[in-house]
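A, B, C and D are the chain letters, set down in written order, and residue numbers restart from 1 in every chain.
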């Protein structure tokens, strides 16, 4: 970038104020005029809003991490319900915990001071400071053992659609809302989950077709003119979306990721979005922003902003 | 902790919702029912609010990092103005940048793609994605060279008070509001700053008394019944507050820190607040919360919550 | 832990020396007498050595991250060749890059300053500071398109065994050495890889059975008296090993992990090994150590120590 | 960088091997042919070795963190003794702990499971997993109360020289070896330490001159043709060296830093060395490397490499 160019784009940092009348839109607009992760968060909000307002944009959402146990199931559910997600890729763990909540079980607020040996002796499983009694798995097992599976070779995504349809209607279940709204869910590492283990134990000949999912996902990318992606936490969901986008004619034109991992050790979850340009997964002219933040803080703020912006647009 | 005890304290994680009517108080209350850093942030908000409402509480605030250049000068200023801070400990860098803004200069929104060699040839200094033209230092030098210093051996905190009084009244300067409201500012590593270098060049016999500051800070802690601390980013401001609190009769009874550093490598900035209990810096029964977050995201949210809570209390 | 107990276990930190005669065993022994991650690394070395010397111990090794592209293929290969690994769980990406090297292709030392747009226009893919020309995929495609697959419904692990047997003998391939030594390799998220995409394109009816792998892995854990685990980088390989260990009668009795992720945001890769005790994945009395380090630094040191210790044992 | 240029510099990643004959020089040379932090560590070793072999190079070393308590006092001591450091900048905490060890006290290997309340009731202070009995401070107090200070207005660095000379000769003390070898030590945040508190209590009129240190450090930089820097952990020592280097005619021509902090939140400790080029602190053509690693792992490896290289050079 030649010198004179870069000086032209420089703008003053604005020392912003929060008043009694500040709302989430004003806050994000103020953070846009700062730097570091505050600016990245504001840019991510703006990009996501553009993704929603662009009717051609297909919004791929990659969800890793333990966001359901920690209490963000309904936020994810509402992203789906509001139409902010067109294709969901997630982990088996998130689906297992979603199923647990859909069946009426609850996760618990614990703390990291409690001895894991005591937890073990009480059959309580720990996810950092969130707990889940082991007996929840018995409820899942009971449900799964009675589940009728029409085709043992269907794609995982088809199975997840059936599963969603079999769940109670008034829950805030991710599986359920995806089934209702016919939003495809992919889970490439499905057998790496408590849900899949129960399925494997009770349906010994099950061989859900992972390759059909992979090809279907590539087809979805292939047919997309404007791809937008939001990656929460990285992992297999990130890579599965990214590998498919190599087959998307324009690659992704919008990209957001929220992660606490760092890039230097070379792992995928911490990899910059810029790196994906070299692979042709993200377009050279894409708008993108990586927010280095715990998703439990950043994701509710983004949803809040998007929701307010949609409301504002209607009025 | 005996088993039956810990089971009694467990509560359900609440899958919370964000609606069109959500405000910052409702959001923080919702996050309180989750886990990970969202809960930590909510607990930090609640603790800080209690610190404010407890009239006996002396609120020590440690500020490291580049929060002034990035655009949070006014947020810090308003923490001070609203009475949310009783004693401020900060870095020379923050004071240098505060002075720059008070004198009418601005920091710039840059980006990390611009080549540092090009920046150097244009005399622009980079702080991650925020820039400051080097000529700002000329303005600071001009100001400092004309500054009259009545006593070359006064404590740094006294000098900072004089400095604040010499600044324009209508700015959002941290130095200025501290002087106006007679809030003590300490800067233990003062000579590690551009401001101190200019002072050293123009006032060759200056020997501001750092030891008097140290003893004064210990006296402040000694006289405090209820100490509350908020640490942003760690560093010398954190340790300087902490070492003084060993002399506070009850140690700190409230403690918050916002940091992105991690504890395992043993550095102070990432050290847990719990560790400070062993040193007698934090009381065994203190309420405390460490939020692993970029302060540019967490601090405005905390301020927003506190401001709304104060408003609510008035009505 | 009662007070008097903890005081009895305290030992002096030894201020160690490195001399001209220091070897890796002496260094690790010295680091054992320190703290922070140096001690964790030393304890990890000691635990792994004990796993090797315990003939009943089945050593599960979970490998995520980009260790093959970055130049650690041969270190992993030698872990396998030396008998330091009994069951390998890895990612499709590692297998894809292993295949590339086995077929005679090379990864390249790049740097993060090079513009990703320029890389894209030259068809070079970036993994942090390591590059891979895109044409390598053509070589992989050519190889895969000619591959004869005897059974389209075999488990992924069986397919990987066939694949290893079809590779050149004198390479340092992970796939090859596993096939030669009949070490099972599992890849739960296989369809999340360039290798699987080529398979899917050229073998349209392929439906490798992921559920059989899952059940086989559970059987392996079920039959193990002394399980030892080494987790590099976390991800699906970590969870897949961990979920199986719930079915191991004694859970894991030795556990090591090397990761740069942090625990607070609740993701699996950063989760402490202690947390796994609550789930019954790791035994209450297990020896365990998490090393917060880039695996490219820690893993060669661990291998070097183990190799020297084995040599010493022979003499 | 034009396209054809970057392709010319690309070299193959070498899949390296560790054998029974591997020594630290071979390991580092092998890591040089990889990527991620392994390569950064190897490059740092190579740069430091060049700094030592370049007789014109003045080697500035910034030491933050708790490396003395954790057991690296002797490694730092030997860096100084071997002539690998010409100017040391450190924290008051490191000096306090150095003094404790010099007076015959020891730090203890603890663990993070022990309750901080129990530690407090036993008067044991915790630094992550390293402990120090509080009674050590009594020994320091006893020593300090008897110390004769010839000039209450001398620079901190002069005081530290006197202090070093007053310590037992056969210790592995950093203060002692600096005094013996007349290596200047600077401690810009000296009053932020247990040592300074004891001084302040027992020498009420003490006003060590911090400004003279600042100016002396600038003079040292001013007179340096080839500056090399090694930064461990960041903090005030990093900034104090960096601010002085703005006055060094060629800025730093070699630069290494070892840190676990990340750059995105804008703090100094995690700031890239490249950023310092914009400020004129590091030369545009400097050789530099940041190693993202716990210093307790990286620093002994670097010392080991340097020591072996010096030995090799002699033979």
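Miscellaneous remarks
In this section, a residue touches a chain if its C-beta (ideal position, glycine included) is under 8 Å from a C-beta of that chain, and two chains touch if they have at least 3 such contacts.
As the structure is a computational prediction, the values presented were derived from the model and not from experiment.
Of all chains, D has its CA centroid at the greatest distance from the CA centroid of chain A.
A count of contacting C-beta pairs for C-D and for A-D identifies C-D as the more extensively joined pair.
Centres computed as Cα averages put chain B at a distance of 26 Å from chain D.
Taking each chain's centre as the average of its CA atoms, chain C and chain D sit 33 Å apart. Centre to centre, using the average C-alpha position, chain A and chain D are separated by 42 Å. Multi-chain contact residues, meaning those touching two or more other chains, occur in chain C at positions 35-37, 66, 69-70, 127-130, 260, 262, 264-266, 292, 294, 296.
For chain B in complex with chain A, the touching residues are 1, 3, 6-7, 10-20, 22, 27, 30-31, 33-39, 41, 66, 69-75, 78, 101, 106-110, 113-115, 118, 121-122, 127-131, 172, 260, 292-294, 296-298, 300, 303-304, 307-308, 311. The residues of chain C lying in touch with chain B in their complex are 35-37, 40, 262, 264-266, 292.
Residue ranges of chain C in contact with chain A, taken from their complex: 64-66, 69-70, 93, 116-117, 119-120, 124-130, 153, 188-194, 196-197, 199-200, 206-215, 218, 233, 235-236, 239-240, 243, 260-271, 274-280, 284, 294-296.
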